[in-house]
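In what comes next, chain A is part of two complexes: it sits with chain B in the first one and with chain C in the second one.
What follows is the complex of A and B.
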């Protein structure tokens, strides 16, 4: 009963915080509403005895949202992303896409043959889940990880205002021309 | 999440915050006494200075800036002491923690990362340029020290083969981890200073920014922010004991006394070092963190992994 109550409260709160992302008028509130939604999502994961994954969701999502705040300042057209704004763009197209995605996900939830027997949960569900995801698809996961990382690095390289040609000159020789020298004396 | 080993000691929910507050006050009194002695004033009189300052802050009326995002601002400020208290839930004193979770190390890490969001909100919510710059300074520092810090925690967990803080302390029966993994210990101490923006990493609340993230909070808000910062330093010092200093192990005295003594010693070391080391600029520390500390602690993790695989520990 207690678990059921916690689940319902967190599920409703996660959806409400997710909806708030599109209702608030500041980038900071949208960012932290999204973080709240993720934290509420982590609680049902904890209820599934997946302690490691649940706490990891809180850890990674907090860092991710805050790093997003850094990138807002660096790259957004609206400096700092601090002015009143809206997260809703292209309303008609977005509505069509979100209805379609919702239908697909809801159909998946309804059509998947969920296990019926009440077998006792395994001793280490995190290990079981990890083997289920990573066991056969390790190669795919590793390639996906590398692609994600390469995308991040190239995104930063493309967006940076001062590349190595600005720092070292056209022949890439000599000492870097930096306004502030790095901490290790280069 | 809570199985038999994860039993929650509810009595500790009263005791742990009280202990944390006592240690946080000791850190504040210690640094006040140090400052007083450096300026020639009697050091003993300065021991009560933090209490006087706290009382003054409690009586002072809040001021605010037009356009401040009050909700996010308050949430950010409150999250600093809350994160510190939540972090010590998994820290054992003499072998007993409030909740010795099976993933205690990850829990501790997650709680301290909450400060990233909290400090940015505390800076941003005030609608003041000083606060905003202070909040971003904290993030830049965090980006520089967080990965070395995580690998320092990981190294201790690898050495014990467990993410449970109690297991890590128990694994140091023969030799303390500070001797096996000194680089990880040093990196942990550096990041403990940085995560609680303690000198020399106090640029987020630096004087050149008129107080940075702490410039606008006034009255009780300011008290909560500054007390939380001291509590975070105390929490990080307390966590160093089970991770690297053998937990409650020691001769003669009972385990809880050794845990408290060692935590006090680490806290005193951090406060002393904060007063001795010149300020570290966060833009320079970024390179130090990524080019020096991260490879160093990765090599340390590699060495410890080899020890574990070879069966030497």
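What follows is the complex of A and C.
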């Protein structure tokens, strides 16, 4: 009963915080509302005995939202929400599509006869996951490593304003024409 | 109980979809996408627990969704920086000509 109460409270709070992301004026507040939604979502995951994944969600999302808050302040017009503004389009269409998708998914969740496993869950799901990714499913983690590496490289390439080829030319020789020269003037 | 988790996932996905469709700011669109991936994580964890806890496939799906979130955020911010540098633009409507 206590678990059910915790689940209901956290589920309602997660959805409410998620909706608040798109309702508040301040984009910084929107970022922290999204963080709250992730934290409230991690609690039901913890209720499923997934201690490692639940804690991972909280830690990863906390760092991600802090980075996102920095980007909000860097780029957005109104990060603090000091003046009311709306940056939306086609809200009625988006709302109709979202409600329709929710109805379809909810109907599927309630009407589909989901198979039930009678066997109890493993005593240590983290051990089960660790053995899987270090054993039969190691390919998943190898691909994940490659994807993350490719993301780092392409992210840096995209985000760099002036790379070494812009500064030194195609043959990477000569002196760079930096608008502000570095060094100590020697 | 599985149905309750799936309802939570459906609600999160619908809220995220609303944000992804309605917001103009690139970063706010990314927030909507993150909420949708969050829904995938909740649903995968619940389906694993209630239907196949003897296999780690459901947990692997949660990890894959988490990986997708990290990649989406990193690449989204990189693209945001690139387009902001090139055009001083941070809303989707001002970059409509990039449509494929």
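Following the convention adopted for this analysis, the second predicted complex is superposed on the first by the 96 of 186 C-alpha atoms of A that agree within 3 Å, B and C clash if a C-alpha of one lies under 4 Å from a C-alpha of the other, contacts with A are read in each partner's own complex, and residues count from 1 in each chain.
Throughout what follows, a residue touches a chain if its C-beta (ideal position, glycine included) is under 8 Å from a C-beta of that chain, and two chains touch if they have at least 3 such contacts.
As the structure is a computational prediction, the values presented were derived from the model and not from experiment.
A.B. asks: Counting only touches as set out at the top, which of chain B and chain C does A:11 meet: first, second, both, neither?
C.D. replies: Only chain C; A:11 stays clear of chain B.
A.B. asks: Could you say whether A:117 touches chain B, chain C, both of them, or neither, answering first, second, both or neither?
C.D. replies: After superposing on A, A:117 lies in contact with chain C but is clear of chain B.
A.B. asks: Just chain B (first), just chain C (second), both, or neither: which does A:56 touch?
C.D. replies: Both chain B and chain C are touched by A:56.
A.B. asks: By residue count, is chain A touched more by chain B or by chain C?
C.D. replies: Between chain B and chain C, C touches the greater number of residues in chain A.
A.B. asks: In the superposed arrangement, does A:106 touch chain B (first), chain C (second), both or neither?
C.D. replies: Touch partner of A:106: chain C, not chain B.
A.B. asks: With the two structures laid over each other on chain A, which partner does A:142 touch: chain B (first), chain C (second), both, or neither?
C.D. replies: After superposition on chain A, A:142 lies in contact with neither partner.
A.B. asks: With both complexes overlaid on chain A, does A:128 touch chain B (first), chain C (second), both or neither?
C.D. replies: Second partner only, chain C.
A.B. asks: Touching A:152 in the superposition: chain B (first), chain C (second), both, neither?
C.D. replies: second
A.B. asks: Output the chain A positions appearing in both contact lists, the one against chain B and the one against chain C.
C.D. replies: Residues common to the chain A contacts of chain C and of chain B are 49, 56, 67, listed in rising order.
A.B. asks: Report the residues of chain A in contact with chain C in the complex, numbered from low to high.
C.D. replies: Touching chain C: residues 4, 7-8, 11, 14-15, 18-19, 21-22, 27, 30-31, 34, 37-38, 41, 44-45, 48-50, 53, 56-57, 60, 64, 67-68, 71-72, 75-77, 87-91, 93-95, 97-99, 101-102, 105-106, 108-110, 114-117, 119-122, 125, 128-129, 131-133, 137, 140, 144, 147-148, 151-152, 154-159, 161 of chain A.
A.B. asks: So in the complex, the part of chain A that touches chain B is made up of which residues?
C.D. replies: The contact residues of chain A facing chain B are 26, 28-29, 32, 35, 46-47, 49, 51-52, 54-56, 58-59, 62-63, 65-67, 69-70, 73, 80, 82, 180-184, 186.
A.B. asks: Can you tell me which positions in chain C touch chain A when the two form their complex?
C.D. replies: 1-19, 21-25, 27-28, 30-32, 34-35, 38, 41-42, 45-54, 56-57, 59-60, 62-64, 66-67, 69-71, 73-75, 77-82, 84-85, 90-91, 93
A.B. asks: Quick check: in the complex, which residue numbers of chain B touch chain A?
C.D. replies: Touching chain A from chain B are residues 1, 69, 72, 75, 101-103, 106-107, 109-110, 113-114, 116-117, 120-121, 124-125, 132, 136, 139-140, 142-143, 146, 163, 281, 283-288, 291-292.
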